[in-house]
Amino acid sequence: MITLSQVSKWYQDFQVLKDCSTEVAKGEVVVVCGPSGSGKSTLIKCVNGLEPFQKGEIKVAGIPVGDRKTDLPKLRARIGMVFQHFELFPHLSVMRNLVLAQIKVLGRGKEESVERGMRLLERVGLREQADKFPGQLSGGQQQRVAIARALAMDPIAMLFDEPTSALDPEMINEVLDVMVALAKDGMTMMVVTHEMGFARKVAHRVVFMDRGEIVEDAATADFFTQPRSDRAQIFLSKILQH
Amino acid sequence: MFANFDFDVIIRSLPYLFYDGMTFTLMLTAMATVGGIIVGTLLALMRLSSMRLISLPAAGYVNLMRSVPLVLMIFWFYFLVPFIGQWITGAARPIQVGAFMSSLVTFTLFEAAYYCEIMRAGIQSIPRGQMAAAQALGMTYAQTMGYVVLPQAFRNMLPVLLTQTIILFQDTSLVYVLSITDFLGAASKVAQRDGRLVEMYLFAAVVYFIISFVASQLVRRLQSRIAIVR
Amino acid sequence: MNYNWNWSIFFETSPDGVHTYLETLLLGTGWTLMTALAAWCLALLLGSLVGVVRTMPYPWPVRLGQAYVELFRNIPLLVQMFLWYFVLPELLPAAAGDWLKQLPDASFYTAVVALGFYTSARVAEQVRAGILSLARGQRFAALALGLTLPQAYLYVLLPMAYRIILPPLTSEFLNVIKNSAVALTIGLMELTARARAMQEMSFQVFEAFTAATVIYILINIAVTFAMRWVERRAAVPGLIGAAAPAATH
């Protein structure tokens, strides 16, 4: 579903991504982790073209992301993305947030969009908040709405960029529960996160990045029990103390 | 000092002052505000473009308008607009443009530079994540700007935009240099015709003061109500 | 386009018989700069005073300061100039009024006073904002050392506040230069007035106004560069603006 081959990216003279190659098959859940500055957020933003890259190739469902001829908005409509800071549109109500892109990008009718929106709100447990504004919701609630907003586009894959990093500890689980349910329903997911519990529960593979390179790419069980590289071992030992 | 203060001249000329003068002033203010904000927003988007072919001319225009006195611009456009009209319509001679039209063009294009800087600050204050989120949903640049960025930027900057409008309102008095009959022009004409400079100019000052003061108090009240909670 | 361009008009003698048109424009520029500088000094003085008063812990001076600012901010500059030029001489006792009316260069002095007061209200707001943006602890620390309130302002608060507000003060100074053009309505022969006169006498409209525009732009650039130099000289290392490179230990 998602393939990255030899992707390299430079900011001016600084190389942030070095020959990154990996893939996420349909229905697979891949967790990308690593220390800060490793390039994992940059990598995931390249997948839907939010960040440009200079070398290599990224394909989603066979469509090349870096190609000039690709209709990026159209491609992005098919890939869902959830951001670290939620990024709900604060001037629109929750329902309007869910419905805006359905109507304007997919061209769906208003009634159908609202119906889907309500179903998704139900799915993430926030049916009563439909008419509230993002500023009136807690962080965990906002992030769940953000997930619903992405799902409203019926995406073929979902990208998560540190979805729980900006949340207070007591709200992390409500978001992770939604993500676990999503994974169990068979959604193709690429998740940048520090939440190793989530990784162990539902991830099929773990990709470890450090200083712009993919250092390890292994099945979840193997990654946690027998990390092959030293850097991965050090990282795991630091994280798993908690 | 005030023994000879002639209130009567003020009362007699009220209809002229307000029907002729103030309507001109208010119409000019309102229309130049709308036009200025539209052109200003366009300029702001141009300045924020990554294509230098678009951003540099916009920046040049804005810097030009902000370096030069409004009085000079009033003269410029007074002479330039008929020629531009001739060029656009392909007429044989420069087009005769009325006082209002000339003033409207001047103030719209001049204030647009100031509105541009306000909108530019507004757009830049919207977190980049908002644009990313809109794009991630598949929205085009136009949709992102139209539905997500500009509504928020406009709302955030509304108090500053309105304050600039109050400044515009006061600036319209400068059409005096072309002997145009706005509110001050009307007061001035009465003053000179009846020899009552003190009464008319004091009255004009009081009227401008009341309108500007009340307006700025309203803007202050608006400021507290309008903040978008993130 | 039926317009006759004649760029050599600048070197032709103007109707006053003495100066070329270019020279008249330069004379006008001189008046513009003198008016602006004089008004700016007045504005800085008055504005700083009012701005400081508005930050003092006494309610009545603060309110008076507020009234001062509101008065000069809500009346158009042109109307204020008319009040100073036409109305003030009439309101004063006859002797003073007559003296004012017969003053040589009356339009210059009036312009300076009007522009000075008008701008002082805006400067007051900047100074007030600058002082308020300083941490409250600064005032307390100064007072705790035994400094009186005036000393605290003079040695601690104002030096930092002025550095903070240098950028907006620069724009205010540029505004003063532009606003000096309004004085043409009371007869001051500054740059815009000269350009207008040149246009009326020679009919070379666009040459005249282009020259004036270019001169204003050049003044703008010069002032901006000068202020940037001042900002750099005044910058406190490590705090605002260009700091010295951090020392490595």
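We call the chains A, B and C, going by the order they appear; numbering starts again at 1 in every chain.
Following the convention adopted for this analysis, a contact is a pair of C-beta atoms (placed from the backbone, for glycine too) under 8 Å apart; a residue touches a chain by one contact, two chains touch by 3 or more.
Nothing here was measured: the structure is a model prediction, and the numbers come from that model.
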Touching both chain A and chain B (chains): none
Chain nearest the global centroid, as defined over all protein CA atoms shown: B
Inter-chain pair with the most contacting C-beta pairs: B-C
Length of the line joining the C-alpha centres of chain A and chain B, rounded to whole Å: 46
Mean-CA-position distance for chain C and chain B (Å): 22
Chain centre separation (chain A, chain C; CA means) in Å: 55
Chain C partner contacts - residues on chain B that touch it in the complex: 1, 64, 67-72, 75-76, 79-80, 83, 86-87, 93-94, 170-171, 173-174, 176-177, 184, 188, 197-198, 201-202, 204-205, 208-209, 212-213, 216
Contact footprint of chain B on chain A as seen in their complex: 45, 48, 50, 73-81, 83, 85, 87-91, 100-101, 104-106, 133-136, 146, 149-150, 153, 159
Complex contacts: residues of chain C adjacent to chain B: 1-3, 70-71, 73-80, 82-83, 86-87, 90-91, 174, 178-182, 184-185, 192, 195-196, 199, 205-206, 209, 212-213, 216-217, 220
Contacting residues of chain B [partner chain A, same complex]: 127, 129-130, 132-140, 143, 147-148, 151-152, 155, 228-230
